[in-house]
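The structure is given below, and queries will be raised subsequently.
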Amino acid sequence: MQLTVLVVSLMFMIIIALFFISAIRASQTGGSDLTAKIDRSHLFWGMLAFGFAVTLVSLWEWPHRITSGQNVVTVNATGAQWSWGIDKEEVPVGQPVVFNVHTQDVTHGLGVVDPNGRLLFQAQGMPGYVNKVEHIFKQAGEYRVICMEFCGVGHHDMITEFKVVAN
Amino acid sequence: MMWRVTIAALIVFACIAFRHVLERDPVTHILVQLPLLILSGALLVPPNTVLAYSWSKGGYALLIIAVTGIAFWMLPRSIDSALSSDLVEVAKFVSLPLFIGVPLKLGWASAHPILRGFLKAEALSMLGVMAFLYTHAPVRICNSYLVSDQERLGYGFLIVIFFVSLLWVTPLFAPRNAFRNSSARTSSVPA
Amino acid sequence: MKAFFASIAAAVFGATFLWNATDGLSALTTESARRIAVVRDNPYVPDVRLETMSGEMERLGVDRKRTVVAEFIYTSCPTICRTGGSYFARLRNQIVAEGLADQVRLISISFDPETDRRAELTQYGNIHDADGAIWTVARARATDLPRLLEAFGVVVISDGFGGFEHNTAMHIVSPDGRLRSVVDFDDVAGALREARKTLQ
Amino acid sequence: MLMSTPRNHANAVKLTMLLAGVVLILMMAFGLVMRAAQGGLFELDPAFFYRLMTAHGAGMVGVAALTGAAVLWYFVSRYVDLIEGVYWAFLGLFLLGVVLILGSIFVGGYGGAWTFLFPLPAISGGAWEASAAVAFILGYISIGVGFLLFYLEVGRKIVAAYGGIGRALAWPLAFGGAQPDDAPPPTIVAAMATTVFNTIGIVVGATVLVSSLVNLLVPGFAVDALLAKNMIYFFGHVFINASIYMAVIAVYEIVPEYTGKPWKTTRPFALAWTAILLFVMAVYPHHLLQDTVMPAWALVMGQIVSYLSGIPLLVVTAFALCVYLRGSNIRWDLASALLVLGVAGWSVGSAPAIIDGMISVNKLMHNTQWVPGHFHIYLILGEVAMAFGFMAWLVKDARASEFTGIDRLGLGIYLLGGTGFTLMFLISGALSVPRRWAVHAEEWFLQDRIATGFGALVVLGALIFVALYAKGLSARRES
């Protein structure tokens, strides 16, 4: 997913850059640049339509939805300067796991990293509130919890581990 | 002059006569009674009175005194004291008109437009602080009032912010004494 | 120039005035001002007699051998007194654990003597496991209440539904009958620390 | 040609830009040190790292806003009479704020990041005292007051001269069928819009700053963390955006000098600026997409407005500049090249920003180095490039040749360094490297070290620009 995001972003960035490069070239030659090939109102309506489609697709299923039911595993994760406390050492593969993110002091960011070092999801832990985030783990292994919101001098040391096990 | 003094006196009299009703609820106490007392003080000053003294130039000294008074009466403990001590209650009825209302009006008249704008912006910010603290404080701020009252007071501040900013911003869309380009250096005319 | 000096004078006057009015910017509320004043003045608490849940009359004030940690409650309180009670229970456990059982006395004082009779006091004690040895629940006489509340700086107002709202805290009274400090109702560690100070 | 900027205002702005140039290089050097330390090139005490980070963040936001404000003042003073004293008061309060902030960081040890996210300033875990955080917040308040005075003066003069906020925003043209010739110039429209939203931002900022101050002085007076966060991000987002939207005035005013075609207020332009005015304020919830306790509508609004904000930028500003350049025979020199680069970099940087503004992506990319990736594009290749372009233009008369070898070298180094540096951030973000970590895992060292190399090029390029500017200033003084 992250690499897709990177590739898509770079693609858009290059397209935008190309517009400028072609315009800069056309500034001296008098030739036509990329903007000459596009009608501005088309660009406007095109961007609007594209945005509408992307919004619909990306929010059709609410990204923060929390399923309820018997096979949901709940984990309480509590951030404190500077360590994470999690009340389960093992969670199952293939089942929805809901993380209740708490904090004892300042704002922390719960980030869960898979055995390959890839960030799977994150949520903020804020004083006085409990943010909930759900994930279904696909493979067993050692996972790490890190802090994603700057919380003081020990921010980078807030690393703890838990296991995802097959049933 | 006479009718302004009469109205001011009537307002102060009403604030005293109905003080039990007004002070029972922090919303009417802080958002009705206190502003009315300030208003009564302001009424004592004839419109467009500009003090000709050199010390009052720019209105700074007067406005600082008024702001000090306002800051004092924004303190929750001052409100509590007014309710628990007769002396402070009397001081309230005297100080709000005379040490806030009067200097505020006098200082405002000689204040530079930027100073006025600055004070308006700061007033909105401080009202925001009050709304923030009263709606979200985890502790009871005034011993004399219930927590639910305190929260209503916070929302009262929000409503005040809404109307006051409307009052101050609306004229900026149609300034009375400004005609297009009256003080503009030039419009974008190619030379 | 005169205007400048007048402004400076007004600002200095205003700052001094506000500084004094807030105890050096540290107390914006009556509650925090009261705590600062208590630490500064150590006022004597009135030597009133409290009727405990076991029916004895107990003196609050001078000539005690123990430090008293007092809180103010009413037993029909649905919210904060209950929580306060559980923190008091924690404080009691700490006192036992640290061997201070014969040096610190905990009293929950009801300011609602009309409703809170012995039965109610006892029931409140039972809920929180207060057996009277270290921690007892007591009520003040109606005639003593005003000066007692005044001395402790507790303000009780009716919430309009038959209950009360009041500022809740733990009050530490040294053996010589002086109020030494006031800490948050949930600050068990702070109360213990302050109580220890009075024992030295 | 437009009437020129009054000499006294021009001199004040020139001094500002010199100060800003020096601060920029210092802050870039801080950034370079942090990147090198992350790459394991040397050991840095984490507490010191986070202090540098705080200084870098606050310093960069401050200097971006300062340069933007200088651009605005310089050009708005061509159209209305501005009081010079207000500018000096603004600069004085700004410098007072800088002194307080630097003091709080390097004397008091404050390292709670420029965002002062409640309640971190009050709960440092022993790293700094509350007094240091108080000094930091007082520094912000001083800067905020300075900006408030600045905008009050600009705002009231524009309102008086152009007949109200609506007219200054060219609403009669946008919504009423008035003719473009009667509309205020682009500078005025942009200045009015930034004045309105940044004044609102400052008022909200003052509220949360004072509340934080109350909390620091009287800890029992806690504030609500979610509300504080909303207000802080509203303020922070509006403030940093305002700096870019102010700096783009330099493009409207300077590029026409090079092409001979005036930049006109058109209907799309007027509509775009009104849209910007609303979007800048409505978009901030995209900073809170991971707070599931926020109302869902606010998060949806954050995602949608985040995308919509790209439209005025790409369809109006960027598109117009491209159309404008075509066949313009623009004279290229350091100034015109950097100004065009500024708009290009800003536009390019919007892509990763918009994508991070999607809730589902945000869960994976936010608070990784992806985020500094996108805003370093906005800054290095956007706002700061425009500021350097403005500086080069200010002294261009003092220089003999138009587009010298050293100009081209500086530009090339800066562009290469900026591109590489920001790309490494984006790549690291995609590889799940968290942002704001003093100590990195060894597997991230490679990207950190490459970024350090590119970062050094950025600093070198900036040094060349600032040196050329200083030289230009002194040459002009002699002549």
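Letters A, B, C and D mark the chains in the order given here, with residues in each chain numbered from 1 onward.
Assume a contact is a pair of C-beta atoms (placed from the backbone, for glycine too) under 8 Å apart; a residue touches a chain by one contact, two chains touch by 3 or more.
Keep in mind that what you see is a predicted model, and the values were worked out from it rather than measured.
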{"item": "Most central chain, Cα average position", "value": "D"}
{"item": "Centre-to-centre distance between chain D and chain A (centres being mean Cα positions), rounded to whole Å", "value": "25"}
{"item": "Between chain B and chain D, centroid-to-centroid distance (C-alpha), Å", "value": "35"}
{"item": "Rounded Å distance between chain C and chain D, as computed from the means of their C-alpha atoms", "value": "52"}
{"item": "Computed distance of Cα centres, chain C from chain A, in Å", "value": "49"}
{"item": "Multi-chain contact sites of chain B, meaning residues that touch two or more partners", "value": "139"}
{"item": "Where chain D touches two or more other chains, by residue", "value": "214, 220-221, 224"}
{"item": "Category of the chain touch graph - line, ring, star, complete, other", "value": "other"}
{"item": "In the complex, chain D residues that touch chain C", "value": "214, 217-218, 220-221"}
{"item": "Chain D contact footprint on chain B (complex, rising order)", "value": "113-114, 117-118, 121-122, 124-126, 128-129, 132-133, 135-139, 172-175, 177-188, 190-191"}
{"item": "Chain B partner contacts - residues on chain D that touch it in the complex", "value": "1-3, 78-81, 83, 86, 145, 148-149, 152-153, 155-157, 159-167, 184-185, 199, 202-204, 206-208, 210-211, 214, 220-224, 227, 231, 262, 264"}
{"item": "Parts of chain A lying in touch with chain D, wherever the complex brings them together", "value": "1-3, 5-6, 8-10, 12-13, 16-17, 19-20, 22-24, 26-36, 40, 43-44, 47-48, 51, 54-55, 58-59, 62-64, 81-82, 105-107, 109, 111, 113, 117-124, 126-133, 146-157"}
{"item": "In the complex, chain D residues that touch chain A", "value": "46-47, 50, 111-113, 115, 117-120, 123-125, 127, 224-226, 229, 268, 288, 290-293, 296, 299-300, 303-304, 307-308, 310-311, 314-315, 318-319, 321-323, 325-330, 340, 343-344, 347-348, 350-352, 355, 358-361, 363-368, 426-427, 429-432, 434, 436-439, 441, 443"}
